[in-house]
Amino acid sequence: MTLLELKDVTASYGPVQVLDGVSLSVPEGGSVGILGANGAGKTTTLRAISGTVRTGGTIRFDGRDIRGLRSDQVAALGIAHVPEGRGTLGQLSVRENLMVGAYLRKDRKAIETDIDYCLNLFPQLQDRVGSRAAALSGGEQQMLAVGRAFMAKPKLLLLDEASLGLAPGTAKTVYQAIRRLRLDSGIAMLVVEQNANLAFSLVDTATVLETGRNVLTGTSAELKGMDEIRRAYLGG
Amino acid sequence: MGTFIQLVVDGLATGSIYAALALAIVLVNQATGLINFAQGGMAVLSAYIAYVFLQLGLPLILAILIAVALSFVFGALVERFLVRRFERGDPDTAVVVTIGLLTLVTGISAVLWGYNNLAFPSLFPLTSVEILGAVVSVRSLATAVTIVVIMVILQLLFLRTKLGLALRAVADNPASAAFSGLPVGRLLMVGWGLAATLGAIAGVLVAPQLTLTPGMLDTALVYALAAVILGGLNSPIGCVVAASAIGVLENLVAVYIPLIGHDLKIAVPFVLIFVILILRPQGLFGRKVVVRV
Amino acid sequence: MSTADATARRRRVRAVLAALAAVLLVAAPLILPAFANQTLVRIGVYAVAVLGLNIVMGYTGQVNLGQIFFVGLGAYVTAYGVNHDWNILLVFVAACAIAGVAGLLVALAAARLGGLAIAMVTIALPIVGVPLAKRLSEFTGGSQGISARFTDAPDWSGLANDQWQFYIVLIVTAGAFLLARSLVRGKYGRAFAAVRENEAVAASMGISPYRTKVLAFTIASIFGGASGFLYLAAVQYTSPETLSFGHSISLLAAMVIGGAGSIAGSLLGGAYYVFVPQLTNSIDPNLTTVSQGAILLAVLFLLPGGLVSLPRAVRRLTRRAAPRRSTAQTAPETSPQTAPAHRPVPDAAPEGHEQTERQDGP
């Protein structure tokens, strides 16, 4: 069952066209990666889905056309976007950030259980529950951002450059936690990542973008094997 | 001593009016990133609306409640249709828009009710009570207490309710808040609506004393802005403290320093500002904000 | 025709037009009736004030709500000097200098604050100024105000009073405009624009935002003082009412409506200040404020560059009317959700809102 489908999606910021026909699909519970060099349009693809950029083409989620919806409407449908730069609500505490994630939910008890789960998943956050989120380190903020997205109990998680600015060890920890999250909850994921190794640890299939277009699509196994491709697009 | 206490209590009352306006300004600034110079003007219009209902025969408290409720709607509509375009953009441009709004609102008040001073009844009895040997105006006490109570309620709203959490999230990072499903536009309207009600309450409480006229809160706005500068734009508590201090200080200076007297007491907060801010540019309570390029 | 030729031709045309305008301006008062001269004089007075405001607000992006204070200050200094028989040139210099020093002091403190603090502090200037003017009655004549006549035409000129006044105002106004023009076209103009765009970036380029703001504000005050001198030359009377808060806002509105960040726009702003309130007052004095607010908002929404940008806007509209869907892009039905923080182009006030098409809706 296809959960998310993009067909020939175009996107532009004003007069500048960034996406020139991107297609991909994410099956229910599946995990797909978007790879490519800087400026290829990876982040813009996620933005096209969550409604933060002008788009053309087809974007269908759960069978319905979601192109043209506002970000909060897209979120209400079950898509949680962890943006590039994390989008932490700096002035709010860690706990409040997680509560905001659960904004659209009404099941108070389950929300508490999920907060506990998050803190379990990211033990580094346990001591910082009351701290202002802006005071956290980059890695902790990334974990918090993922946790906040999870709190919405989404069907699809959009992860944008989760390793950006993190030390390799921290990035690995974050990805390990996200892997565990996927196993526990079966959330589908669309992962934008410049670090190919990290990406392949999380996704089943991936598509490679170059100047706003797909140039290669395949399973992780297939893509991992292509040495030249790796060197040219994925930066090892 | 008696005079002193009287002056302090009266000062706290006027200070609470400044505090309400200052808090409204801070609220709007935190939510939408701009300073609303029309905050006082909007409050005056709300007081006029209460006046209209009074003329229609409604009891004072009802007229006030209706006017305050309508001011919420007014504030929300102003955000949606007038200000939204200019939010998160160049704040200086947005300020000019609010100045245009101030002119417009003052003008509307002038067209509908003229420039004459209209009498507005006091919600509180005009009696006095004895405290520590001083004769203190009940109205002053009640005004100060009312506004403090309302501000406490607002703080509780912000810190303890889901709506308050949502308002704070949207003020912090609206794009990111939207990713969690928060209806950003609607919440901004609520923020402006709340600020407008704060202003309206201040307006109807001070109208009996100042008499209703289109420019009634012009001076109060100036004091409120001084309080915001002194207290720091991101510290509601700082603003309230600063506003109260300004209210008390202006009264004391007017009486005890006749050289300054009543006509020049408005200069006092600004002299204060000059002095304090040379030493501490972020205000007494504010935090230094790092601007990322 | 190459672009170099076109530019040279344009420059020649402009020079001819400028020479023609100069001739016209010198000849005008001799031909026009006294009333017309007086009106033009008043336009000049306020144009200089608006020009000063434009330098600190339109070009450097600092909202200044106190410009009228410096106009009033200049007028009072002028009245004092004239009534004490100072040399007229000295009076002019004093008006500009004292206003400038006052502006400098205010700016030194206010510019430290950054952000909208300058707006919030300058609002106090007219509000404190009025009672102050009433208080210092030995200098200011108190609430009654003070009159001073010094622009009666001398016998040797053979001119009428209004014509003489016209020339005085013309000289000062022209001087102010030329000075402003060379200022904004030079390195200071670039510093102003840089600070307006982004202070942090300006700082990294070696431009001190603080110093630039202080400079701009001081220049604005000097222009304000000059305007005050002209005001007294024309009106021959000043009072605390001159520097009231209402007038301060009117001046700001005039600047925006004329054209923020534009030299020519300042002239239009002066004209607006003279004509429009007069017009609305004659219809109904209570209407003046509301119509001013409405016009200001209308300009901010529909024509952010002010009246001076009207020809440009009309040109853009007519260009858009012509069909131009050359890109085979499907009509974008969606629009950006978040409005990125747009910094206005230095030449005009808040433009660029065409890009900021948010999907609105509660």
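Annotations
Here the chain labels run A, B and C in written order, and each chain numbers its own residues starting at 1.
The definition used in the following text is that a contact is a pair of C-beta atoms (placed from the backbone, for glycine too) under 8 Å apart; a residue touches a chain by one contact, two chains touch by 3 or more.
For clarity, every value in this text was computed on a predicted model and none was experimentally measured.
Centrality by C-alpha centroid: the chain sitting nearest the overall protein C-alpha mean is B.
Centroid distances from subunit A, each centroid being the mean of CA atoms, peak for C. Separating the CA-averaged centres of subunit A and subunit B is a span of 42 Å. Here the spacing of subunit B and subunit C, counted between their Cα centres, is 31 Å.
Subunit A and subunit C have CA centres that are 51 Å apart.
In subunit B, the residues touching two or more other chains are 175, 178, 183.
Shared contact sites, meaning residues of subunit A that touch two or more other chains, fall at 52, 70-71. Taken residue by residue, subunit C touches two or more other chains at 337-338, 361, whereas all remaining positions touch fewer. Residues 34-35, 37, 80, 82, 84-93, 95-97, 99-108, 110-111, 114-115, 174-175, 178, 183, 185-186, 189, 214, 218-219, 221-222, 225-226, 228-229, 233, 263-264, 266-267, 270, 273-274, 277-278, 281, 291, 293 of subunit B touch subunit C in their complex. Across the interface of their complex, subunit B is touched by residues 50, 52, 70-72, 75-76, 80-83, 87-92, 96, 99-101, 103-104, 148-149, 151-152 of subunit A.
Considering their complex, residues 162, 165-166, 168-169, 171-173, 175-184 of subunit B touch subunit A.
Interface residues of subunit C facing subunit B in the complex, by the touch rule stated above, are 57, 61-63, 65, 109, 112-117, 119-121, 123-124, 127-128, 131-132, 134-135, 198-201, 204, 245, 249, 252-253, 256, 286-294, 296-297, 300-301, 304, 337-339, 341-344, 349-350, 353, 356, 358, 360-362.
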